[in-house]
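Notes follow the structure.
Order of writing sets the labels: A, B, C and D. Residues in every chain begin at 1.
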Amino acid sequence: MQELDTVGQGSVRVTRKSDKLVILEKDLATEQMVLAMGPQHPSTHGVLKLECLTDGEVITEAIPCLGYLHRCFEKCCENVDYPAIVPYTDRLDYLSGMNSEFAYALAVEKLLDLEIPRRVEFIRVIVSELNRIASHLVAIGTYGIDLGAFTPFLFCFRDREIILGLLEWASGARMLYNYIWIGGLAYDVPTDFLKRVREFVAYFRPKAVELQNLLTENEIFVKRTHGIGIMPADVAINYGWSGPMLRGSGVKWDLRRNDPYSVYPEIDFKVAVPDGKHSVIGDCLSRHLVRAVEMEESLKIIEQCIDKIPSPEGFNSRSAIPKRIRPKAGEVYSRAENPRGELGFYLESDGKSTKPVRCKARSSCFVNLSAMKDLSKGQLIPDLVAIIGSIDIVLGEVDR
Amino acid sequence: MEEVKEVSRLVQESTAAYRIICEQFGEAVSALDSNDTMPFFEVLESGRWVEIALFMRDHAKLKFNYMACMSGVDYPTEGKVGIVCNFQSLALLNHKLSVKVKCDRAGGCIPSVSRVWHTANWHEREAYDLFGMIFTGHPELKRILCPDDWEGYPLRKDYKVQERYHGIKVPY
Amino acid sequence: MGNSLNAWSEALIGFNLLGLPLGLIVIAVIPLLFIALYSLTYGVYGERKISAFMQDRLGPMEVGKWGILQTIADILKLIQKEDILPTSADRFLFVIGPGILFVGSFLAYAVLPFSPAFIGASLNVGLYYAIGIVALEVVGILAAGWGSNNKWSLYGAVRSVAQIVSYEIPAAIALLCGAMMAGTLDMQQINVLQSGEYGFAHFYLFQSPIAWLPFLIYFIASLAEVNRAPFDIPEAESELVAGYFTEYSGMKFAVIFLAEYGSMFMVSAIISVVFLGGWNSPLPNLGSFALNTWTNGPVWGAFWMISKGFFFIFVQMWLRWTLPRLRVDQLMYLCWKVLTPFAFISFVLTAIWEIYVP
Amino acid sequence: MSEYFGNIKTGAVTIATGMGITLKHFFNAVHRKGDAGLDDVDYFRQVDGLCTLQYPHETIPTPANARYRLNNDIDDCIGCGQCVRACPIGCITMETVKVAPDDLGACGKTRDGQQKKFWIPVFDIDVAKCMTCGICTTVCPTECLAHTPVADFSEFDRSNFIYHFGNLTRLEAEAKRRKLADIQAKAKAEKEKKEEEN
């Protein structure tokens, strides 16, 4: 049979025919094309720009360029009081504001060594798990869009809408809550809130199954994501991955379980890792499946929290909030499990001022995205889209 | 009650990990600041930072395979800028430790550990972008969040924002 | 029926006014009007409503009752839009691209039998012509994609060419099965052969036990030929922004859209002609209820033809709003490794059926 | 080979499942979810069907505690300026003039009977900047500053976003200022006189 091989710099294509070289094409000069994907591109999830070096449809290198949404979060924090940072943390990862607030509140509480009322802890867990579901719904829905399925996206947003309504009912705002304050909550939840959350859980279970049938089990979807963008566990850890991304690579690591905070130790839930039967461990499909399972686990956490929550009698959500927040001099690095991974806050206090000397947000997306260069090497453009989608970036958190 | 026990365990583990590093490097590292919230030590000879980093990552009893965070910090009173790294041995030994490395404010250098932990690559770029310390040996040390031709290092305490950027008024 | 076949079109051809062959113009205008009207009503408004209902939305509601006039508003908007011609574009190709596309999709209407009495051109190689003329669209897409001088457009165009050219093979073989069963390539004749008092039982889909296979193959391949989801990779909006028409605006964009809806109906019409009896009524005669006889005739024919076409367009939309998009290599896999072998198998089986089973 | 046919089979089955789901939704489009708020008892009664609303005509009710447009009830405002200090982005500007002793009656009292001691000629809120965090409302001692559930307040002109709540016009404020200055000057003169006498 014929054997094809290439001589030189892609300038001649020859074929070897019984010891004789036959030139098929001369001067077949191929050039690499620089393709600027973004910052206005439908599937870069905001204002991410990828400078792709492409050879045909194959990507030789994709370099992420950030900063289009840089809002100087850290500089802002150095100029406002500790409680006033909370609304800014909402704007980091705007799809899961509650979780960001929770992480920040935990950090300052650690610095202050505060005791938090139990009901506050439970409400915090309930709202942040609701927000986690909302965030994963966006992740799954937009992932569908990235792969060309539009309908699951709208189903996801329909259900997210209810969660946003619930959170608005509790906090007064739909996305940027400023609800979890340092040492407490802005308000107690409304009277029927927990009942309605329970109803939501009952409502959402069949919808999640429907979503799974429509998107996750679809053969085209599986084929598009199976074995794409594989990240081995050790490399993932070296890249500092966390959250569903790390669990997608098969590492059973969840800060709610491994570095527990709040009331998570009392709650029974499963850390979702792919089993390797439906997907290659570490590929896009694993990450997607982890998110899908995590929604189910969040529902379980919410149910358990509603069962265990102390009664609201004599409860003041602001009782533990200090009058003036001025932590003693010291540093803290505190983290919480965000829908996108580990959101950490490094705070440094000088003990004199009511403003932090340094407040760094270790955003999960920023770190997860840094592996993009490795992940995208040698992939096709449609696969690149699938990989970006599976990282589930929120540019507000990447650029801060 | 449980909270206190947890914290003390953190300090114990970190102290144990620190002792191993201290045995190896002795003078190059400072004493451990064993506070309750974030036990850390400082690398005094910043030139040996990569060596220490590799040791921390690969030593069988340390295994700090996960760099959770690296934050640039400005210390105007000391005339220095530095980085604070938070490490954890993820899924292996689960202990944590933090390390500080400092350098001079004007033109100071810190060796880059981006080859030890890939995640440090972007964290170091960010620290360079916002604080202006040079990471020697970094594969592509350029600004990451600010535009490439931005003036000054925004998170330094004495930063003055530039008046105009390409003809656009900056402080709005 | 034989006498009345093509009666209207023949009368129209003979219709001269002041020496002008006005009839020929009318014949050309009828399908054009049809495309325009149907894309406005069913194509744009219908697709938006259908997708909305499938996605639990209301869809357009503001302009007119239930948003019926939405497309009029859209057209007004499109007409007002600036017709941008990128400075670095190849002007000639950029302008000619949408034109070729539209002409390509429109030319095939010449051989579509809209009713027992009307067909634009009763060619004896009608089916062959229809398959061939679709390939003209490739030229238009390539011209549009290359002429735009945009990297995304180029990707879209190259993908599209590869896709359409490949999918023509299973599509043509599948249609060949139908042609074999009919023994003719004349579209009008294929329809005549499928008429009978038992209605749908005479359709080729139900005439042989393996006809569903070429039917399915042609349906899938036709989706790829008209760039509909899940084979919409040439325009793949999440990958290539808008594919080969990224740079188009205003009426040029509208023309590309019209061409897309035009070809959507065209392939739906071809599949209904070849496998589902075209203008024949599917209702059978039940004793004294001569449903078939009552619902056949030139006007009924047009009704059946268009509703069959619309049904397939509905299925196309239904698929589009359900499925994710395939990747380029999977698309080729599907074409060369699944559809083409099965098309050959169905071809052989149909041949055997036709030869050995009367 | 079995994998080949298996793929075709799972492909066909899953595509059919998906199409079944979308068709079910298509036929469910005769129902509408309606605009029940979350505090309605039967919020989850209708779970299928169209869930969107025609926005300007139908709206999802905002809960009573929703924090949207910032509003100041100037009659209750004592001009303490805590909100100005608390606002993280500084969208509130305030100017105050001390009330002359004989004007105290004219300046009035707050709802809970506290004597107001300041005229507030300027109390401007730039709601375009306001990020509805609600920090200003928590520090307000008289609870006159509050976020209202009005969510839709778009404007064509950006300057319309600066809401003026001051209770004096510029001229009035000038008059009050002069009056206060006179009184203060008089008091000062008297004091000096007294001191001289002493």
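Everything that follows uses one rule, which is that a contact is a pair of C-beta atoms (placed from the backbone, for glycine too) under 8 Å apart; a residue touches a chain by one contact, two chains touch by 3 or more.
Quick caveat: nothing in here was measured; it's all calculated off a predicted structure.
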| item | value |
| --- | --- |
| Chain nearest the overall C-alpha centroid of the shown protein atoms | A |
| Per Cα centroids, the chain farthest from chain B | C |
| Chain A and chain B: spacing of chain centres that average the CA atoms, whole Å | 24 |
| Cα-centroid distance, chain B relative to chain D, in whole angstrom | 41 |
| Centre-to-centre distance between chain D and chain A (centres being mean Cα positions), rounded to whole Å | 30 |
| Whole-Å gap between the CA centroids of chain B and chain C | 63 |
| Where chain C touches two or more other chains at once, by residue number | 54-57, 321-323 |
| For chain D, residues that touch 2 or more chains besides their own | 15, 18, 21-22, 51 |
| Residues within chain B bordering two or more other chains | none |
| Interchain contacts (touch definition) - all pairs | A-B, A-C, A-D, C-D |
| Interfacial residue positions of chain D with respect to chain C in the complex | 4, 8, 15, 18-19, 21-23, 25-26, 28-29, 49-54 |
| Contacting residues of chain A [partner chain C, same complex] | 33, 35, 41-43, 57, 144-151, 154-155, 158, 214-215, 218, 220-221, 223-224, 380-383, 385 |
| Footprint of chain B on chain A - complex, ascending | 66-67, 70, 72, 74-75, 78, 110-111, 113, 234-235, 237-240, 251-253, 258, 330-335, 342, 344, 346, 348, 358, 360, 362, 366-367, 370-371, 374, 399-400 |
| Parts of chain B lying in touch with chain A, wherever the complex brings them together | 35-38, 40, 65-69, 71-74, 84, 86, 90-91, 94, 98, 117-119, 121-123, 126, 130, 143-147, 154-155 |
| Chain D contact footprint on chain C (complex, rising order) | 50, 52-58, 61-62, 318-319, 321-323, 337-338 |
